[in-house]
Amino acid sequence: MTTTAINDPVLEIRGLETHFFTRDGVVKAVDGVNLTVGKGEILGLVGESGCGKSVTSMSVLRLIQNPGEIVEGTILFHGEDLLGLSEKEMRSIRGDRISMIFQQPVGSLNPVFTAGSQIAEVYEIHESLKKKAGNAKAVEMLEKVGIPDPERRAKAYPHELSGGMAQRVMIAMALAAGPELLIADEPTTALDVTIQAQIIDLMREIRNDLGTSIIVITHDLGIVAEIADRVSVMYAGEIVEEAVTETLFAHPKHPYTRGLIGSIPLAGDRREWLEVIPGRVPNLIDLPGGCRFAPRCKAREEAGLKICTEQRPELINIDDAHTVRCFLYQEGAK
Amino acid sequence: MARFLLRRFISSIPVIIGILALVFALARMIPGDPCRAALGERATDEICDAYNERYGLNEPILVQFGIYIKDVATGDLGESFRFGVPVTQLLIERLPTTIELAGAALMIAVIVGVPLGIISGYRHNSKTDVATMIGANIGVAMPVFWLGLMLQYIFAVFLRDTPLALPPSGKLDAGLIPVPFYEAWGLPMNGLTEFLSEFTIMNALVTFQSEILSSAVLHLILPAVALATIPMAIIARMTRSSLLDVLGLDYVRTARAKGLRERSVILKHALRNAMLPVVTIIGLSFGLLLGGAILTETIFNLAGVGKTLFDAITSRDYTVVQGFTLVVAISFVIVNLVVDLLYTYLDPRVRVS
Amino acid sequence: MSEPLLHVKDLVKTYPVKGGAFQKVLGTVRAVDGVDLEIRKGEALGLVGESGCGKSTFGRAILRLEEPDAGSVIFDGVDVLQLSPKELKGYRRDAQVVFQDPFGSLDPRTSVGDSIAEGVRVQGLSRKDRGRRVAEVLELVGLEPYHANRYPHEFSGGQRQRIGIARALAVNPRFLVLDEPVSALDVSIQSQILNLLKQLQRELDLTLLFIAHDLSVVEHLCDRIAVMYLGRIVEIASRDDLFSSPTHPYTEALLSAIPIPDPTVHRQRILLEGDLPSPLNPPTGCTFHTRCPIAEQGICDVSAPSLLSVNNGRHEAACHLRTGDHQDLNRPLLNSR
Amino acid sequence: MSDDLYDPSDEPLEPTDDQPLNTIEASDAIRDKVRMDLSGGDVSASTSGGLWRTAGREIIRKKSAIVGMSLLSILLLLAAFAPIIAPYPPDEVLFDQGVSPRDPPCIHLFGCAEENSQHILGIDGNGRDYFSRIVYGARVSLLAAFVAVLFASIWGTTVGLIAGFFGGWVDNFLMRVMDVLLSFPSLLLAIVVVTVLGPGLINAILAIAIVTIPQYARIVRSSVLSIREQEYVSADQALGVSRWRLLAHRIFPNTLTPLIVIATLGVATAVLEIASLSFLGLGVQPPTPEWGSMLAAERNQVFTAPHLVFFAGLMIMWNVLGFNLLGDGLRDAIDPRLGR
């Protein structure tokens, strides 16, 4: 899968702004995000906690709850703006054409219903199947996601499942209606490494076998490198860099991306010291003027750029399908 | 399931023994000489000695406790000094009144409280929510005895001669004497049938005594409403806060992401979980109802457990105090057991372990 | 290398599992099931394993935060487990701990300075000296002395973790147990803490036991690495040996499961089937045989392997098929997919 | 706060093992949480970083707390300045001043003849100025409830601390005793205890305190259990801090937060129960002006002089409402997750 896939976009987010209106002020959790996911593509959305990556995904399904609100932008799904749909039309898309899995698989399943019946519910909603037929298809689905003894597992309650098993159930539920887009929000964060590897493999298989487009949201660059075709890096509510995975890891441009890659200890890497990004993520209520990364940016100091604190940088195309939001690469910014 | 039941039951045995000990001790500690309380102040020392001998009151306290336990186990709760009838007979006559009253109150509390809580939690921060919560706060704060008196005034005096007027006290209109069902059906009279026939409304229903039925229902309304107010407010608040808690949980998000309509999300996915703590509180409300019954029955002049108990305390009718307190406490324990059972049914997480 | 500072012999820690009406003991979980381990002066030893493998319990047991059921913990020649509460005071100065949760590890009602000073107070320092010591260690971990008067909720996760480290360092310990010190932190903060730990280890000549689930983090900081599975150590080797020639199939699986942030590297994954077995009812023989891709019936499910030296070196592993009588190093790993 | 609002990824990365739920303990825990709701709301044993200062700021933001505090300040003023506010001493019989029993209210402003002396709430059955008695009643109601809660919370805390900290058979024994006490409807138990002790204000206070001890004991115990597992306690243990110091400096202060909330809500319950006991004639004895007993004295006149019943009850409600709202506000301020 390469950038050519974008020519056949499943999802196009343009200028998305999702804000939370709290007592302390407006939290600009997502502030002008553009994203495109091609057919059969796996897009990695990376960022640290609080950067707005989860809010972006919840915005796609229009599941933002009070006091949050999508204030701006368009979310085109096969060219149709999801933000313009009625609630009823939106419901028919959720869980059917776009579905989602979450970080805490056990907590994401309802404790009082069996795993099977929760999957069957998807068939009841979207394919108007009767309970019995739904249950049968649920068992089939469980088998597809690699759960041994699916009939017995279908009758199990979530607390009887291990984390890995519960995440497979969640995936089965998400895939039940054959969605075109799967959004996986930190799908492996709560799992052990060996289980994490199983789930990553499963997601790759899904894409290969079913052609489902997937957005993987994570803070773990390792997972992105393993699975994603293309990566978008988010910082403080905006996309700061986007590129094909190989390019991004080989030639990271944005100082934040470079810092992020440099700060993780790599297997087999024997650096004496890890790179450090000084300071901390800015408060989303009181964002710095200019570039949001400027207060923590070492490259800016080295280059002696003044504009960084004065003007907000635009996303610029520096290479074939490699965009970055940084004045370092902007002609005439110096 | 059966094993769980058994285990839960066994675990309440120490508590029941504790209750027996406490009731026994408290009854012994109530000031006054039981002999003279029973036989009158003029009983001579000889008569009292004989009396104490007969009732084992001279024995060491542990032996007395042993005798007491044995008596309770065989269903012998002693004899009321004041009425000269066995305490069990008194219970047969008075318990149904209280069960009917508390049952009606609980029904009102649940039927009104739960939906109010749901609406309030669902339409969180709306006008309905704010109004309900103000109402619930006031409801919790109202003294039962005051509410009872005010209801009496409003419905018996203020609304007199209107169709809304309600009888302020008693169980039935004067002169009405219900025919017990066992007579109507030609059944033998025994403890059980007599006990069942004391449920006035039920008895009237199964024997088609419509006049008695309507009178009994009308008489029950005011005390039941008075008694129901506090639990109703508590249940509404609990339902609301529990629903709000659940609505913030991950699996509710999953349900929405599946494409369920909001109504199903709330009524199917959220409510089932939100009801778990509410079930427990309904069980606890029972204790509140029994406590409140003392006040309500006194005000509405109903010869139930509460009023009998209170009268017994003020007239030092120890065996009645002892027996009734015991029955109330143990029924509270049993209600909690039933609640646990219901809980297990509702929550699979508890069921399996 | 230098002599051992800490020598743990056959350490066992069990937990009763209670149930029933009378809280009858239904069974025991052997959280730590006979662990032998040496930590040498000045080294950083990594202890790696998945959740529930007993690695944190091990850390708590050698600090006597939990009382072990059997075994000995010899620190500098003294069996720590035999010390009376009074004698323990000396050990408390020498051995300290940093926890995972930056939010739960500081008392919300105590100022940061008082939290840090608690240890030196126990050791009998005067109030004035305590204040000085607090200022010293705060600077040591990259915070300012005036931070002492603030309360935990005024700090970010990374800063709190620094405070936790300062508290441990205040008594000037020689040995530090780090229980998942970075796993609750954001990536960019993790590297700050890891660098700090490395720097402190060198400056203060600390001996570290670094407990983690993340192999690459451990690799960065540790000289030697032990791998734990269901309460037992299955492999222990120097960092280089472990990464270049992992011997136990579980270690191999763990290594191959680490996501590598380099999309150009394509490895052959060894995927383990299924989940961790219940520690309440562990498998017979080698506890790993239920998930092991090379396990052989009649061998692995019969007897428990012990740690044996690999190639007569300091590299040890517990696997019948790789180190014991049935040794066959060329036995291929079967890929599950 | 804004951070965890929308991004779940700052959870600790390693999952903690799901402990199997023990049926009985689970349902007990819920019962505890729920029991607190009987007196107003629930308080989780764990306290998030909120210190008193932040809590104070939060309280000021809570409408319910403000309303509660206003209601209570008015009562406090009534109680403090009763001799100034009340036109008559509470037990002065005014028959020689031309009143007869249960005279209706006489307010000059509303057309009551000027030559009659003014009694804004009328005269009670014994010829005393009802308004003055209502005003003085605030003293008894506030003081009695406060003392009862103070007593119960001190003993409950002691029991809970001991049970939670020492565990084992001590815990088992103490908690079984508490279970027994909780098996009785509290009003019933209070009635029996007063009967044993003999009626009167002090004994009523004592009775209510005794029957509420278990509530405090259980909430403190569960706080202790959860605090004992906190890493900051482990860290102190590793530093060699003694058990007693841990109990006094770490565990006890951290149990205070839920305790204060429960105690505030508990005052409301105590107000109600003292009034109930007095209403039944077991609490405050006449002629001491107390709302419950004043109401009891006139209850048979509810059809003829309802105002003599109405105002006493209204005052009880006022007091209860004040403490409930304040308690709710406190709880929301301390545990913002519940603040809605």
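Each chain gets a letter, A, B, C and D, in the order it is written, and its residues are counted from 1.
Please note the rule applied: a contact is a pair of C-beta atoms (placed from the backbone, for glycine too) under 8 Å apart; a residue touches a chain by one contact, two chains touch by 3 or more.
Predicted, not measured: the structure shown is a model, and the values here were computed from it.
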* Structure fact -> A count of C-beta pairs in contact puts on top the pair B-D
* Which chain has its Cα centroid closest to the overall Cα centroid? -> D
* Inter-centroid spacing, subunit D versus subunit A (mean Cα positions, whole Å) -> 49
* Structure fact -> In whole angstrom, the CA-centroid distance of subunit B from subunit C equals 56
* Give, as an integer number of Å, the spacing between the C-alpha centres of subunit D and subunit B. => 23
* Where subunit A and subunit C are represented by their mean Cα positions, the distance between them in whole Å -> 32
* Touching two or more other chains - residues of subunit C -> 19, 21, 51, 186, 213
* Hunt down the residues of subunit B that sit against at least two other chains at once, touch-wise. => 7-8, 11, 349, 353
* Per-residue overlap in subunit D, given as positions that touch at least 2 other chains -> 10, 13, 15, 21-22, 24
* Structure fact -> So, in the complex, the side of subunit A touching subunit C is made of residues 48-49, 148, 162, 164-165, 192-198, 200-201, 219-226, 228, 245-246, 249-250, 259-269, 271, 273-277, 280-281
* To do: Quick one: which bits of subunit A touch subunit B in the complex? Just the residue numbers, please.
  => 61, 63, 91-96, 99-100, 102, 104, 107-113, 121-122, 125-126, 157, 159-160, 170, 173
* Which residues of subunit D touch subunit C in their complex? -> 10, 12-17, 22, 24, 47-51, 54, 230-232, 234-242, 249-250, 253-254
* Report the residues of subunit C in contact with subunit A in the complex, numbered from low to high. => 50-51, 156, 158, 186-192, 194-195, 198, 213-217, 219-220, 243, 253-264, 269, 271-272, 274-276, 337
* Structure fact -> Per the touch rule, the subunit B residues reaching subunit D in their complex are 4, 7-8, 11, 14-15, 18-19, 21-22, 26, 29-31, 124-125, 137-138, 140-147, 149-150, 152-153, 156-157, 234, 237-238, 241, 244, 276-277, 280-281, 284-285, 287-288, 290-292, 294-295, 298-299, 309-310, 313-314, 321, 325, 328-330, 332-333, 336, 340, 343-344, 349-350, 353
